[in-house]
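Below are two complexes that have chain A in common, paired first with chain B and then with chain C.
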Partner chain A sequence: MYYMGIDVGSVSTDVVLLDKGLNVVEEIYLKTQGSPIQSVYEAMKIVRDKYDSKQISGVGTTGSGRMIAAAITGADVIKNEITTHAIAASHTDPDVKTILEIGGQDSKIIILRDGIISDFAMNTVGAAGTGSFLDRQAERLGIEIDDLGKLALKSEVQVRIAGRCAVFAESDIIHKQQLGYSKEDLIAGLCQALARNFLSNLGKGKEIQDKIYFQGGVAANLGIKKAFEDLLQKEVIVPKHFKVMGSVGAAILAKEAVEKNGGMTSFKGFDILNAKTHARSFECNDCPNHCEVVMIYSNNQRIGCFSDRCGKYQNQTDVRFKV
Partner chain B sequence: MEIKVGIPGGLLYYRYDTFINTFFDELEIDTVYSLETTKKILDMGVNCCVNEACLPMKIFHGHALNLKNQCDFLFIPRIMRCEKNEFICPKFCGLPEMVMSGIKRYDNVISYPIKMNRPYDLINHFIKIGKSLNVKEYKTISAFQKAVKKHNEKKKGIHDIGYKHNVFLGGHPYNIYDSYANMNLIDKLHSYGIGVITEECVDYKDKEEETKGFIKKPYWVFFKNNYGAGKYLADHGQIDGIVYISSFSCGIDSISVEILKNNVDHFPFLVIKVDEHTGEAGIDTRIEAFADMLERRRLH
Partner chain C sequence: MKITFPHFGDAYIAISLVCKEMDVECVVPPLNNIATLERGTKYSPEDICLPFKVMVGNLMNSIDNGADTVAMVSSDGQCRLGEYGELLKSILDKNGYHARWILLDAVGDIGIKELLKRGESIWEGRKKSGLELLKALKDIYKVIKSIEHLEEKVHELCGYAVNPSDFKRILYDCKSKVFNSKSIAEANTVLENYHKKINKIPLNREKNPVKVVLTGEIYSLIEPFANQYLEDKLIDMGVCFSKKITIGWWLDTTITGHFKRMREIKRKNGYLNYAIGGYAKDTVEEVIEAKTKDYDGVIQLLPLGCMPEIVAKSIISEMSKEIGMKVLTIVFDEMNGEAGYMTRIEAFIDMLQRRKQYVLYGH
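What follows is the complex of A and B.
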């Protein structure tokens, strides 16, 4: 009896298995690398090598690629990543009151009171304060992303970097680098800028109370954790499964959904891995909207469809999706 | 030869559509409209509008460009003021010039300044339009009066009933009612059992009352409407949350949203920013999470 949670994000695809008592027994973290179908397949293959289909009692998907993942696997529940992150955190520790989450393209702050979301905010159009931005800066400075946090902690001088926008930050880093600041100081400045920007954009007007959880891929970065602690003057906790909290939440919701449904899961089983799945997109010319419609095929049979505004292709599909 | 007037949709056409349609119909002038925003309209607008403008301005440019070669006159209202001592976004005051240089059409554009707070000016403005279209003055006056009457009789705004949750939907009318720009926001809210109330459904007096007590009298019309209505509905327990739709880079909203947020303490508040994005995943995620939050708060 295991519950599977799949979080398909812009940068990583995470899969977890929870046992009956909702303990994490498997934790898989793969790079999405621009092809969510591929990465879901890869992750599922790893699970199949250890478990058989009957052992999976429910599946939940989340993240920006949750629709594709649900189309492939036949999920019991499809949920947005704000709700799943909150559920996972309050399950891990019911006393959590604030969640800071930074992922690949999104960053969000969630305020919990008595385990219930009472407020949240998500970054708007830009991706400045997120993982992909850090990835890019690490690459530019010739540093492995995993070393970024450790290097930041070695800094002795605070360099101030403009944090509002990725383009501004980058030119500021280049200017300061040419003035001769060390890489450590630049990185520490970058972490500070990111945390400052996060708190002033998303945290504005919100009561940030203990306990504070910091989760998402960027929470691996000790430099940012420290920057948050310095700015908030409070302890910031990085939970054990910080990287996969979204999928943990999705798996918990899958359990709830299956129990409500009399114990039946709609999981299609690992046989789906034998089928060839691909996505095809086209521009529909039936009306002036020119939607870019995406269709998901498995063995040439249509299993999912999205992005048509009028919904006519979705209605034709066997599996119907409710957002 | 019949004169044809082109009327671009977008911007405040969403508020004054009945007035504008009735006025030109009563003048018995041929009209051609560009009303529905589509990807093509947006693309046309983006290509001919200054880059820094907000999304609704770009959409308006697209509608104007669409009509450029289909009409003898192009109607681009220059709204200077809606109410006494209040102002509107400066882009409205310079709209004709912006559009003319954008779509490269400089002649036969109807662009006389409109000051809605002065009835005398207002009627003169429309008499001028009538004159340039060779319509007799008495006919224009009667068309104007009929248009005003119809405008006043029209049911404005949205006040949903029978939904599980109710929210105040704030924002400028052209963001609220343009379902292309806002990616079907209202339908999406409905599908989660969330009904909406817009500012038109709150009494003018109530809105006015709510905006008293600031250190300075707020002079933006959009601010007063949205702040006043949102605050009134929240204080009177008529809503469970606020959804505010705002165009990226909107100056007035940057103030309206913050002041409203600060004055409705710990109230579920969702700000949706629209720009040229067409991917709907971002907006869907936010709406779904917001709906979950309303639902779990209700059960709690």
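What follows is the complex of A and C.
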């Protein structure tokens, strides 16, 4: 009896298995590398090697690729990443009141009261303050992304870097690097800028109360955690499964959904891994909307379809947005 | 003479029906899509608001299709709409798209006589009398109101539907039949039929759907392309909603209900007491009203760079905490990807739903 949660993000694809008591027993973290179908397959294969289809009692998907993942696996629940992150955090610790989440392509702040979302914000424009931006800067400075946080903690001097926009930040870093600042100081400055930008953009007007959870891939970076703590003057906690909180939330919701449905799951089983799955997109010219319709095929059979406004193609398949 | 006009929600249905009735040729621009926007963006100032870019695309498409006269409303409001007419003309002229322009400015700017003269010149190629024109305009007003009444019913009931998409489909069917009617009278018969049809859609009154108010900038609210077809999505998600700002409402406030509107504008609400342009004051008031009418939340829509709504947004963010109303602000721009908007909207609706369950059932 396991519940599977799949979070297909822009940068990583995470799969978790929860047991009946909702404890994490399996945690898989792969790079999406631009092909969500492939990465879902890879992750599923790892799960298949240890478990068989009957052991999976429910599946939930989340992340920006949640529709594709749901089409492939036959998910019981499809949920946005804001809700799943909140569910996972309040399940881990019911006293969490604030969640700071920084992922690959976006960042968000979620305010919880009594375990329920009472407010949230997601970064609107610009890539500054996301994981992709950090990746790029680490690469430019010739540092492994995993070492970024440790190096930042070694800094002694505060370097102020503009964090408003990725382009400004980058030119600021280059400028200061040429003035002779050490890499450690530059990185610490970068972490500060990112945290400052996050709090002034997303945290504006929000009551940030204890306990504060910091999750998402970027939470591995100790430099940013420290920057948040310095700016907020509060303790920031990185939960144990910070990297995969989205999929934990999806798995919890899958359990809820399956129980509501009388214990029946719509999971298609691991046999799907033997089928060839691919996506095809085309512009529908039947009306002036010109929707860019995406279809997912498995062994040449249509298993999913999105982005048609009239629902003409979706009606022929079974995956749809559900609240 | 072939007249054309930029798209504004369902306005094209009404205008083309009057044209049929008056025997005036009109060119309806192809419905808005991403190609329209791309074309408009190419010729527009970079920082102008989204509606302007779409309109440039609309008018270029229409002139390509043979239109020679452009009719559109203009205003003296303290927002960029005031510059739209002149700027559009200048841009189109410069790029070789020539047309005769009929700008329906506000009465305060050009006087009632001039406005009527300009209004009549739209129909000067008609083969009917002035009296018949007046009757057609009166009748089309009723058609507009009837379509909106139907929409209102859909928005009110879709959350209770056994299959919410039924409502979406019936609305699309109805609009396309009204558009293809040969006369206003026929359109009225079609509408009567659909009013009956809509009552037969199976409902489940035991559902407890989330109810939200849609408010914000007028173009984003009325033109579905400008809000990424948000209403369709809400219907599909089974969310009930209400929307005050419609074409009918606009006609009422600017033409028939002018004096009532003046009183509304003078009324103070304690948060934003003065009309600062656009419909910012209305937006603020609608959030207050949503609270008194027991809605679960408010979604505010605006295009990037809309001055009045930005002011409203900052007022709302504090005010909503004071009065205890949840508000989601969505800013629309050229970005066509739906995932970002959908995540926010879904999360917002989820939040309202979970709160509702929590409060009502004490989980």
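List of remarks:
Keep this in mind: the second predicted complex is superposed on the first by the 317 of 323 C-alpha atoms of A that agree within 3 Å, B and C clash if a C-alpha of one lies under 4 Å from a C-alpha of the other, contacts with A are read in each partner's own complex, and residues count from 1 in each chain.
What we mean here is this: a residue touches a chain if its C-beta (ideal position, glycine included) is under 8 Å from a C-beta of that chain, and two chains touch if they have at least 3 such contacts.
From a predicted model like this one, the values you see are computed outputs, not experimental measurements.
Aligning the two structures on chain A places chain B and chain C in clashing positions. Judged by the touch definition given at the top, the superposed model places A:Ser307 against both chain B and chain C.
Once the two complexes are overlaid on the shared chain, A:Phe120 sits against chain B and chain C alike. When the two complexes are overlaid on their common chain A, residue A:Glu81 makes contact with chain B and with chain C alike.
In the superposition on the C-alpha atoms of chain A, the part of chain A touched by chain B in one complex and by chain C in the other spans residues 64, 79-83, 114, 116-120, 122, 124, 205, 287-290, 307, 309, 322-323. Contact residues on chain A toward chain C in their complex (touch as defined above): 64, 79-83, 106, 114, 116-120, 122, 124, 205, 287-290, 307, 309-311, 320-323. Chain B makes touch with chain A in their complex at residues 36, 38-41, 180, 183-184, 188, 191, 248, 258, 261-262, 266, 268-269, 271, 273, 275, 277-278, 280-282, 284-286, 288-289, 292-293, 296-297, 300. Residues 64, 79-83, 114, 116-122, 124-125, 205, 287-292, 307, 309, 322-323 of chain A touch chain B in their complex. Of all residues in chain C, those touching chain A in their complex are 30-35, 165, 168-169, 172, 229, 232-233, 236-239, 317-318, 321, 326, 331, 338-340, 342-344, 346-351, 353-355, 358.
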